[in-house]
Amino acid sequence: MRTFDESASGLYIISVTPFLDDGTLDLPGVDRLVDFYLSQNVSGIVVLSMMGEAQKLTPDETTQFVQRVCARVNGAVPVIVGLPGGGLVALKAVADIAVAAGASGVMVAPAPSLRSDRQIVEYFGSVADVLGDVPFVLQDFPLATGVQIPAEVMSRIIRSQPTLKAIKHEDWPGLNKITTLRDDDARQVSILVGNGSLYLPEELDRGANGAMTGFAFPDMIVEVCRLHAAGQREAAYDLFDVYLPLIRYEQQPGVGLSVRKYLMHKAGILASHRLRAPGRSLNAQEVAEVDWLVARQSRRIKR
Amino acid sequence: MRTFDESASGLYIISVTPFLDDGTLDLPGVDRLVDFYLSQNVSGIVVLSMMGEAQKLTPDETTQFVQRVCARVNGAVPVIVGLPGGGLVALKAVADIAVAAGASGVMVAPAPSLRSDRQIVEYFGSVADVLGDVPFVLQDFPLATGVQIPAEVMSRIIRSQPTLKAIKHEDWPGLNKITTLRDDDARQVSILVGNGSLYLPEELDRGANGAMTGFAFPDMIVEVCRLHAAGQREAAYDLFDVYLPLIRYEQQPGVGLSVRKYLMHKAGILASHRLRAPGRSLNAQEVAEVDWLVARQSRRIKR
Amino acid sequence: MRTFDESASGLYIISVTPFLDDGTLDLPGVDRLVDFYLSQNVSGIVVLSMMGEAQKLTPDETTQFVQRVCARVNGAVPVIVGLPGGGLVALKAVADIAVAAGASGVMVAPAPSLRSDRQIVEYFGSVADVLGDVPFVLQDFPLATGVQIPAEVMSRIIRSQPTLKAIKHEDWPGLNKITTLRDDDARQVSILVGNGSLYLPEELDRGANGAMTGFAFPDMIVEVCRLHAAGQREAAYDLFDVYLPLIRYEQQPGVGLSVRKYLMHKAGILASHRLRAPGRSLNAQEVAEVDWLVARQSRRIKR
Amino acid sequence: MRTFDESASGLYIISVTPFLDDGTLDLPGVDRLVDFYLSQNVSGIVVLSMMGEAQKLTPDETTQFVQRVCARVNGAVPVIVGLPGGGLVALKAVADIAVAAGASGVMVAPAPSLRSDRQIVEYFGSVADVLGDVPFVLQDFPLATGVQIPAEVMSRIIRSQPTLKAIKHEDWPGLNKITTLRDDDARQVSILVGNGSLYLPEELDRGANGAMTGFAFPDMIVEVCRLHAAGQREAAYDLFDVYLPLIRYEQQPGVGLSVRKYLMHKAGILASHRLRAPGRSLNAQEVAEVDWLVARQSRRIKR
């Protein structure tokens, strides 16, 4: 098991969950998927996220999938497991599975029922208590959870919970929040940005450590993070801009995962582009649009 | 196993899930709980609903709880099991557990991602396909799901899905929707009202068949339904009005379940009033308010 | 002009805006309406609230209506004028009209775009600056505005803005918020409760000073407040309970104002029950339901 | 007055509302602003939109601003005036001002209270009745209004309302909706896309006629539309991609208008970059980010 801590940087890839065309979980396909991610030099792998169709798995599938991923990763990079949001006992049950399988940490989003700043702070206190010494990522995604966490509240959580190691930052707009957190004299944790990496270069400028997202071309994000860390800011922006038309296309709500699975299937990484219902695959026009954007992207890369 | 079909009427009680003070599932307490509900002449028992803290159970607890309830009910009345909302495979897994345990039907709410009328109709078509011949209840609760189902869309679902047997009606406002459904020449299903029974008498006037709710005094709801069905409308309203101050108190968001557990614990039905986090128990002032309302209610009943 | 300050208590009636059957503003009818409210011993009159169809008036009608109300009230009680939410300049323009007409104060809700606690505090600072020495009411109605104001944030606003004289309290659930505000050592302002007075007795128990709502039988609310202030708590609850079935009926979203206008038209107070589009009048079944509830209410009052 | 009808294409620029540094409406500045837009070869000018800070103007300012814009445009292109959403009478009052000033059409969004498909259809029927023969644009922006209009409902409105001439399309995701509308045998109206033009090239591919947005470099959008209409699809995408990093930056909620005003002030088009409260100007880091993106954009244009 690899350590996951405040120094996390680079790309923590949000893994898809692979299904076969008949909708069954493609456990053998997990190995190929993990190998692909590792070949792209990701810093970590995140499973059972919202985008990972976690809530569509049965309990048995959840266990099998986590175990298979951890076994194949075999300590090469940290594995982070997303936890369900319903209650602390159910959350702990999945955390136990994750730890037993060899995961390095877990990810927790605020419960949608939280309303006041104090409730938010208390909730993550309870979460940390239940998790014990398991490192955790706080997913800050108000558009999905309905819970706004102001920067000052985030600082209070960071100060009081030493097992909080990273924030998956996808507040929107969120640039000033990164700056506020970085300027704070609170203990600093890793800030890994989500939102499909749509604002990755600016977020790195503001002090983010890397990304936690699921783009179909992970090597680009890895390289943007590397260039930026190496002080080659202009080159980072140049590379990012080449992929921006596709990143933007993925931002359409409910479309991103279908695009990723389509492209990964086309590239031979996934056996099927299928999502479990109520997700859907791309239709013919969308396939043509994605193909067009990728063809343009490939030509620009060559130049 | 008792049949559950379009003739369902009276009270289908939304069961609480009993925990001990230390937060563990109180499996032995399930028997006392079931016996209490049956003693109140409920027409059915609904477990794993939103209010039932279903999402706070681990997979193992879910199975144990469903089995224990079904075993104790032992065919006396239909048991209905609420299904998780994430995806069809996960939903089917719980439905299989329910059927194996002897439940008579299941309950399904629309997935929060549904947006258009057509998507809603298609979703319940997929649900019905996956469930096969298992009778199901459609929970129509826009305030919680974010999905509006217009009456005409509901009629299309009713027409096309013969295994849909009942609607848990908690649209708000919803009186005219009941009338529209009753006036429709579509196949008629049972309409069982929720919303804590706040509009029960008017809803019965409009054509509802009964209630599906979790009030701490189930015998009142059973009796209001009986009086109304017997043509004693004024008596039904009179009885309802006595309990209305408490029903109203329960309507405060996030408070209702705590009130019910408090009262059922006080009455010796539950070993503990505890909710699993992030739920909370009543504070001292709320306890005093509930006690005050129940004392007033008791005095009015005596008169 | 009557003073409006922190001692406000009793009922500040949320006034309807009267239209004729053809939808024109019924300016002469304003006098009859004001006379009715004054005859019920209200402590104040609030115009241009959300419920008052303020946003359906043209700018000229807005001015004429405010002037007519103030002229007829003629200093008998304070008049409070609801301000539009778009921006400070537009808000100030209506405040100027109100003050020129003789109103005693204004009411302001948080702009829907506010997200963090700090933004909320700053917003009401800007509002107070713009209003100068005009006393104002803060409308705390998260269900309508989407803005949650935690009790601690409310205390900060109360401390820093001496021209804030009262809160229209309609957070939901909100009982504990009243207690927290009353226990705070901050400057105390008047708390007048909304939400159609559904929790009026408990809210008075918690320390509210009165109500700011628009029920069709204002004298009941005035009397409940009086009884409670006189220490006759049981009598206050008894009186409230008689009207509770109708209060509850009014709580159906989008129905309350139609019920009030129907009843006030039937009682000869309004020339028409009409709402301006997109509002609607009661249909035949709803009229029958309201008549039934009022008939039952009248019989209980007689007993 | 220029005719506005179903043939509308190219760019209908969403005009900013110019203020001076002290927050007063900059009426003389309107002339310079209009001249700038006309110099960019826009097809039309839209004032008093959501982005145009319409709700922050007093009634007098609203009238003065509309009159000044129309006078300066002087028939060169159609002027479209956004109408307030509160009610039909208030909406009509602004429409009258618009028509009297010489505007060619108006824009209407669905009232936020609309819930069912039928209510939506009826609402736009009432709107069309009130407007008489004034051509109108339907703004389809669910993220802002909370009202989802499925494609089939849009078709019903298009069929039944001949004075509906164009849709401001900013549903998200929305590509398939355009295709469905174009494949429908209903009367075809103009589809002008919003969402800051983030999906402009794909939307033109799907059959949109042009854009209705407020980007600070209108000539780019005009040229993308021209190239696409001329069959030069690749060139249209190439040009669009150059500006995409800035378009993306503008998409951050609550930031877009500040970016536009900053850039237009820097270019000498506006006397001030100021927004009226509760809007805000860019902070120093945001200014640096925008400058950086524009500098990169300028270099790419030269290449």
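A few notes on this one:
Order as written gives the chain letters A, B, C and D; numbering starts at 1 within each chain.
The rule is simple: a contact is a pair of C-beta atoms (placed from the backbone, for glycine too) under 8 Å apart; a residue touches a chain by one contact, two chains touch by 3 or more.
These numbers were taken from a predicted model, which means no experiment stands behind them.
Where the sister copies chain A and chain D meet, the same residue numbers recur on both sides for over half of the interface positions. Distance from chain C peaks, on a Cα-centroid basis, for A.
In this assembly, the C-alpha centroid of chain A lies 47 Å from the C-alpha centroid of chain C.
In this assembly, the C-alpha centroid of chain A lies 37 Å from the C-alpha centroid of chain B. The residues of chain D that reach two or more other chains are 254, listed in rising order.
Residues 172-173, 175-176, 179, 198-199, 202, 205-206, 237, 241, 244-245, 248-249, 251-255, 283, 285-286, 289, 296 of chain D are the ones touching chain A in the complex.
Of all the residues in chain C, the ones that touch chain A in their complex are 115-118, 148, 150-152.
Chain A meets chain B in the complex at residues 23, 53-59, 61, 84-90, 93, 111, 113-114, 123, 126, 254, 276-279.
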